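Both complexes below contain chain A, partnered by chain B and then by chain C.
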Partner chain A sequence: MERRMKEYIKYLDDSVELTPRIKKLRDIFFSTSPSVCTDRVKYFTESFRETEGEPTILRRAKALDNVLSHMTLYVKEGDLLAGNLASIPRGAPIFPEFSVDWIEKELNGDPYFIDERPGDAYDVTEETKRYLIDEIIPYWRGHTHEDMVRSLLPEETRLACQEVKGTEENWVMTSGDGHTIPNYIRVIREGIKGVLEQTQNRLDGIDITDPAQLEQVTFLKSVVITLKAVVTFANRYADKLEDMASAEHDTARKAELTEMARICRRIPEHPAETFYEAVQSILFVNIPVQLESNGHSISFGRVDQYLYPFFVRDIDSGALDAGRAFEIMNCLWLKVTEFSKLRDWDNTVAFVGNPLFQNLTIGGQTLNGQDAVNELSYLSLACTKKLSMTQPSLTVRWYAGTSDRFMKEAVKVIRKIGSLPAFFNDEVIIPSMLNIGYSYEDAINYAMVGCVEPAPHGQIGGRYGAGFPNFAKWAELAVNGGKDPRTGLTLAPLDGDITTFKDFDELMNAFTTQLDFFLKHHVVAGNVVDMSWGVCTPNPFLSAMIDDCISRGKEIKQGGAKYDFTGGQSVGIISAANSLATIKKVVFDDKRITAEQLKHALDTDFEDRDTDPSGEEIRQILLKSDSKFGNDNDEPDGIAAYIMKYLSDHEMRYKNTRYGKGPIGGTFIPSTATVASHVLTGQIVGATADGRKAGTPITEGTSAFHDTETKGPTALMNSYAKLPNVLMPGGQLFNVKIAPSAVDSEQGIDNWVALIKGAFEKRAMQLQFNIVSSRTLVEAKRKPKDYTDLIVRVAGYSGYFVDLCPDVQDDIIARTEHAL
Partner chain B sequence: MSRLVGRVFDIQRYSTHDGPGIRTVVFFKGCPLRCKWCSNPESQRCEPDIFFREQTCLGCGRCVKVCPFHIPVGGQGADAKCTYCGNCVRECPAKALELKGVTLTVDEVIDEVERDAAFYSASGGGVTLSGGEPLMQPEFAEALAREARDMGYRLAIETTGYAAWDDVKRVFDHVDLVLYDVKHASPAMHEEGTGVTNDLIIDNLRKSVEEGYNIVVRAPFIGGFNTASENIEHTAELLGDVGIGRVDILPYHTYGDNKYKMLRREYAFNGRKPTEEEIGEFRELCAEKNIKARVE
Partner chain C sequence: MFFDNKEEYDTTGVVFNIEQYHVNDGSGIRTNVFLKGCNLWCQWCCNPESQSLQLQVAVHRNLCVKCGTCRSGVCPRDAITADDDGFPSIDGSKCVACGACVASCLQDAMELYGKTMNVNEAIEEVVKDAKFFAMSGGGLTIGGGEPCVQAGYAAALAKAARRRHINVAVETAGAVPFERLWSVAEHADQILFDVKYTDPEKFRTISDAPLDQVKGNLRGLASKGKDITMRCPIVPGLNDDDGHIGRLIEWARELGIENIDVLPFHQLGKYKYDSLGMDYTLSGLKDLDKSIANGIRDVMVEKGLNATVGG
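Up next is the complex of A and B:
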């Protein structure tokens, strides 16, 4: 066992190079721009025109069937895996049933032409543009998810979300849900055949005289259509591969194509028998889910665990060797980089870097608490290290039994490529899941979804992304008596403002009043979105891939999933904590400035030079005051912890639309999975009492505000560990930037691992690192052409630095860099 | 519980170059040597110093207003009239002024040290007493070392070795690792570079080895000062003779330049980085004496 492990660790050596085949496949990504693909929208819409009057779920099943039966297929030269999302690599399908208004606007250049955006531009041909404007958009206009949301949204909620923007819910109003791990394991073990059999049995057993059961018929029929469609999809690849094989002159490649054709003929319909077949099965689940649901974060689960039995069998029998396993896994990694998602411009700012958040999890523990790291865990690290690309997102689970050797290899991957993998602490995440109702077996088998959201395998119906409650905005409103300086609206009035509050408690009450109000509307908006998704965009195939939808006869949004939570992505918690702690210290405790002086300085964005102290002097006092999270200072850390606890207590009380309909859970849960929304959401927050200028980014995740953490990485970790992380079952996001020179020695690597272990022993939840020097980033911004493959951690995901919008680039440059 | 006080100019957490693992370094203020290349000039005097960060200064003049002597902007701490009352430091909105050198009790230092306990055990690190010269405050250093060790932390000390033997012994008795500076083999050249001869230092080094303390010699290696073949030979001989097993070579750097600017003092030393050949020669001669040498 140990000897074999060493053979696999070798793949992480700098001396190991990618095979020529893999290098060529990798180059395709860098020589191809993202583009708009019309395949999906064409066949989807074509089917919809023919099924008018039928139930929506059945129409969607038929439409997916039409897409999978007719969309362009390609197999790249030398590729060992089949499956594509669009007609060419990096093509983005269009999902008109969610929203077309923004597509129309942006095709007309408002605010940017899609191919001229300052970040994440997509090529779009004139023909595609005309086709969409003339043929597609008119059919869907007024009949989309977004239209439904608009009609359902209560006026007060609209004001809260879309005028004051105290919580930003737009992205879920124009997109799909995603955020889950489909049950790959079941398809690998039973084949689609097994799922189909279960569905057929359920249908056969239905008593149609019982209206409750009658209702299930349409869902189950829709499932059958999609399952068969997926088998058809795979068989189309088999046909294509057979044709390619017969036309191929190179005998080695001919044999490969023949083998691929055999595999696609066999799986996913039948159970996988080999490692290679199991890997191919993953794609035939993942791709249809994406084509159906328009979500992102369709993650892969614990691949090193569920592929392992196949791997061991094939290695032992000699059917597979290490080199071949590595190549097949490289192809899986590369396949994920071909996928692309087109978002509207505002949400592109929040999700910049074209991420699909397809997370892949390795490490952690087995069901009986043993170290789960195996050969495939090391091979996974090697894939990410050698390919050096942003997708798939790679999660390393850590628990008290994880070896230092594995951790060292993992941090060396970060050192090499800049940002991946991210680390997650079993010792906090598992209890956080048990706390909200997960069984021990399901919790211990968690994997990461999207950025930082823990989920069981094949048992949760998504819904982690539920808008961005903006804590910094609430702190601003509290100071201003509830009145929004930007819009003049007062939605949650207060008795007085900062100039009349007698003490810090009154300020804190003002803040929680805003929190209560906006949290309520965050929940209302989230439930409206869910209701609309349930009506407009039910997903029969995804439901078939989630326990217990088939046995309950219910689509996910009707309550089919075993577990179901809705998770908001709280942004700016630390900005709020810093602002409140700074007011406490500077105004109430030290009395360095008065509340009136503070308010005037904030109202004028610190620009008034005629006051004494001047606006800038006040800003400096606020910014430099010892009242910032991240310095192991109990007061600001305690305020951040209080806010988080308060959030958890209050958010968990709210029900989602599946409450009481079957799933365990059925409530809202908090997270700080902010992606890059802190830049977008910062734009509507005025100057804040932490010394931040109006309109600039607020804090992301639970990370400290840049340049305010001055006591080094251990102090930073201590602050983080003081938070009630176990109460954030939706996941915590914590970014640390480290100077490359700090980790260029073995000692630096050892200390880095010790830093992570120390933080995790103290109950930090998640850690991720950026290992690129500010100087390099500044240089890359200046000369993007020289840095096309420079990867940075944007938030819970990694992106190519040169693809990011300029203000996101600046924000990353500004984050404090630690010398280890 | 100890209310004993000492003068400290910094407590630096997550320090990784002052002994093994992740460490907290307590910097004692005051040093009997005046090394020309010193990269921590604020460590030298026993009295406080004030750092002035010119780029951070808003030029608002609030420091002048609160100063009893109305010392002009940029003169804080450097002006002879300054009494280090700290009014200016507290008033500065931008924290462009920083007081280096405060009086802390052992307990106050321990409170800070304790915060990173989890990281010491995860990394094999601990606490390092540095300076300045910790042995200039032997009572405080001993109390701190005892207390920290009682709490289970590993202790290291960075020292010039320039102190009365009794003071050396009372502190070294409570540390796990001594990082002991040897700067020049010749007494005269040592005096030329540091202001004192090396007689006491070498004498204490010899006694420390005899006493069985865990000693690693640290040799600041400064081009033009101690890199001549003759000195390398003598140093290696001396260390071999004393019975030293390990030397860390610390090549000269100029990271401290900016600190002189912040103290508004002239940095007059004209050193250079040692060449690869010079470092190679030092390592080779150490190897001949069975001394492990590595470059920090």
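Up next is the complex of A and C:
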């Protein structure tokens, strides 16, 4: 075992190169622009036109069947895996049933033409434009998820979300859900056949005289249609591959194509018997889920664990060798990078970098508490290191028994490619899951979904990505007596404002009053979105891939999943804590300026030069005040912790739409998985008392505000460790930027691992790093063509720096760089 | 409680800085406690605020806007006047370093160097990073100034750290009687021993103590089996000659010291001389070229030493 491990660690050596085949496949990505693909929208709409009057879930099943039966298939030259999401690599399917209004606007150039966006532009042909405008959009207009959400949204909630924007909920109003790990393991072990048998048995056993059971029939029939459709999809590849094989002159490639055809004929219908088959099986689950649900973050789970038995058997029998296993895994990594998703412009800003958040988890512990790291864990690291691509998002689980050797190799991957993998702490995450009702067996087997959201395998029906509650906005509203300076609206009135508050407690109460109000509407908006998804866009195939839906006879949104939570993505918590702590110190404790002076400075965005001190001088006082999270200073850290605890207490009291319908949970849960929304949501927040200018980015995740953590990385970690991380079961996000020169020696690597381990032993929850110097980033912004494969950690995900919007680029450049 | 120890509360000293996450002053991740007061007067010193044992108020002229706030009755001893350029000038004979002017400055242009802390207060700061020390093989580094100027305090601090199972490094120039040095060093796991000059005449320009005492102390510590790293500031024109480098190597080999750090001269401390109103004689000197520093290291490595640039 140990001897074999060493053989695999070798793949991380700088001397190991990708095979020519893989290099070619990788080049396809960099030579192909993202584009809009009409395959899905065409076949989906075609089917919908024929099924009017039938139940929505059945229509969607039939529409998915039509898509999978007719969409263009391709197999790239030299590829070892089959499966495509669109007609060409990096093509983005269209999901008209969710929303068409923004597509129409953007096709007409409002605010940008899709192919002229400042970030994440997509090629779109004239023909496609005309087709969408003339034939697709008119059919769907007024009948989409977004329309349903609009009609369901209470007026006060609309004002809170869309006018004051105290919580940003738009992206889930125009997109699908996603955010889960389908049960790949079941399909690998039992095949679609096994799932189909269970579904058929359930159907056969139904007493149709019982209305409750009668209701289940449509769902189960829809499941049957989609399961069969997926088998058809695989068989279409088999046909295509057989044709390709017979036309192929190169004997080696001919043999490969023949083997691929054989595999696609067998799986996913039947259980996988080899490592290779198991890997291919993953894709035949993942791709249909994506085509059905329009969600991102369809994650892969603990790939190094569930593929391992197949790997060991094949290696031991000699059917597989290390080199071949590495190539097959490279192909999986590259396949994931081909996928693309088109979002509306606002959400493109929040999710910039064209990420699909397809997280893949390695490491951690086994059910019995043993170190789970195996050869495939090292091979996974090697894939990410050698390919240097942004997808899949690679997660490394750490627990008290994880070896330093593994951690060292993992941080060396970051050093090489700049940002992946991210690290997650079992010692906090597992208790956080137990705390909200997960069984120990399911919690210990968690993997990451999307950015930082812990989830069990094949047991949760999505819904981590709710809206972005904007804590910085609430701090601004508290200072202003509840009145929003931007819109003039007062939704949650307060008795007085900062100039009349007698002490810090009154300010804090004002803040929590705003929190209570907007949290409530965040929940209302979240539930409205879920109701609409349940009515407009039920997902029979995904439901079949999530435990208990079939046995319960319920689609996910009806309460089919074993576990079900709704997770908000809190943004700007640290901006709020810094602002409140700074007001406490500067105005109430040290009395360096008065509340009136502060309010005037904030109202004028620190631009008034005629006051004494001037606006800019006040800004400097606020900026330099030792009252910022990230310096191991108990006061701001304590305020941040208080806010987080308060959030957790209050958010978890709210029920989601599945409460009491079967799943364990059924409540909202907090997280700080902000993606890049801190740039978008910062745009509507005025000047804040931490010295931040109006409209600029607020804080992401739980990370410190840039340039305010001045005592080095250990103090930063100490601050982080003081937060009630265990009360954030939806996940924490914590970014640290490190100077490349800090980790260019073995000693630097050792200290880096020590820093992560120290932070994790002190109960930090998650850590991710950017190892790119500010100078490089500035240079890359200036000369994008020279830096096409420069990867940076945007938030809970990584993206190509040159693809990002200028605002986001600037924000990343500004984050404090730590010398290790 | 186990760590409660009367000595920790009763022993006070003057600390001018506590910095977390030092990675070049001993093994692993370390917190440095810098003690005020030095018995040497090296002209290249990059921490001039470390030299005096007294608390000091500095005026950073680059930040000062001459608003006059600090002169408008803020000082309880009336020690601040304006100098010819309009910057605050502090009368050292009146100033008691109470910090009132520092607190009043809106520009953060005034800074108080030095804080009187008992050992417990200092060690409480240090233990904050204990987890990171444990993970990295790091610990506390007591530096200065010259820690042996406040030997009682330094020793008590080292003992307090060890009581908490924290590794201790002491950085010293060793220009004190051996008994005094040993009173601190006996509680240290690692000694960072600064060797500035190996020429007795030159050494006399920065110290009252004879060079023989320094070398004797180094030998003494080595003979007691202490883990020693020689730390050698290299200043262009002063001690970058081959003779000095050769003698450093001789010393190390003779005393069986394997680790040696080349510390290249830099100008980062220059502004602090201005702020403290102190003369700085090396302002025209260039930083030691990196290639020269690397060259010196390479010579040392060739001679079998474990040499680094910067530690």
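In the analysis below, the second predicted complex is superposed on the first by the 820 of 820 C-alpha atoms of A that agree within 3 Å, B and C clash if a C-alpha of one lies under 4 Å from a C-alpha of the other, contacts with A are read in each partner's own complex, and residues count from 1 in each chain.
The rule is simple: contacts are C-beta pairs under 8 Å (C-beta built on N, C-alpha and C of every residue); 3 or more make two chains touch, one makes a residue touch a chain.
Keep in mind it's a predicted model, so treat the numbers as computed, not measured.
Trainee: Taking the superposition on A as described, I'd like to know which of chain B and chain C A:E616 touches: first, second, both or neither.
Mentor: A:E616 contacts chain B only, not chain C.
Trainee: Taking the superposition on A as described, I'd like to know which of chain B and chain C A:K624 touches: first, second, both or neither.
Mentor: A:K624 contacts both chain B and chain C.
Trainee: Return first, second, both or neither, reflecting whether A:L755 touches chain B, chain C, both chains, or no partner chain.
Mentor: After superposing on A, A:L755 lies in contact with both chain B and chain C.
Trainee: According to the stated criteria, A:D632 is in contact with first (chain B), second (chain C), both, or neither; which is it?
Mentor: A:D632 sits against chain B and chain C alike.
Trainee: Please indicate which partner A:A764 is in contact with in the superposed arrangement: first for chain B, second for chain C, both, or neither.
Mentor: The answer is neither, since A:A764 touches no partner chain.
Trainee: So, A:T714: does it touch chain B (first), chain C (second), both, or neither?
Mentor: In the superposition, A:T714 contacts both chain B and chain C.
Trainee: If you lay the two complexes on top of each other, which residues of chain A touch chain B in one and chain C in the other?
Mentor: 613, 617, 620-621, 624, 632, 711-715, 717-718, 747-748, 750-751, 754-755, 757-758, 761-762, 820
Trainee: Quick one: which bits of chain B touch chain A in the complex? Just the residue numbers, please.
Mentor: Chain B residues touching chain A: 12-14, 16, 21-22, 58, 60, 62, 93-95, 115-116, 118-119, 121-125.
Trainee: Please give the residue numbers of chain A that touch chain B in the complex, ascending.
Mentor: By the definition above, chain A touches chain B via 613-614, 616-618, 620-621, 624, 632, 711-715, 717-718, 747-748, 750-751, 754-755, 757-759, 761-762, 818, 820.
Trainee: Which chain C residues qualify as touching chain A in the complex?
Mentor: 19-21, 23, 28-29, 103, 106-108, 128-129, 131-132, 134-138
Trainee: Contact residues on chain A for chain C in the complex?
Mentor: 590, 592, 613, 617, 620-621, 624, 632, 711-715, 717-718, 747-748, 750-751, 753-755, 757-758, 761-762, 820
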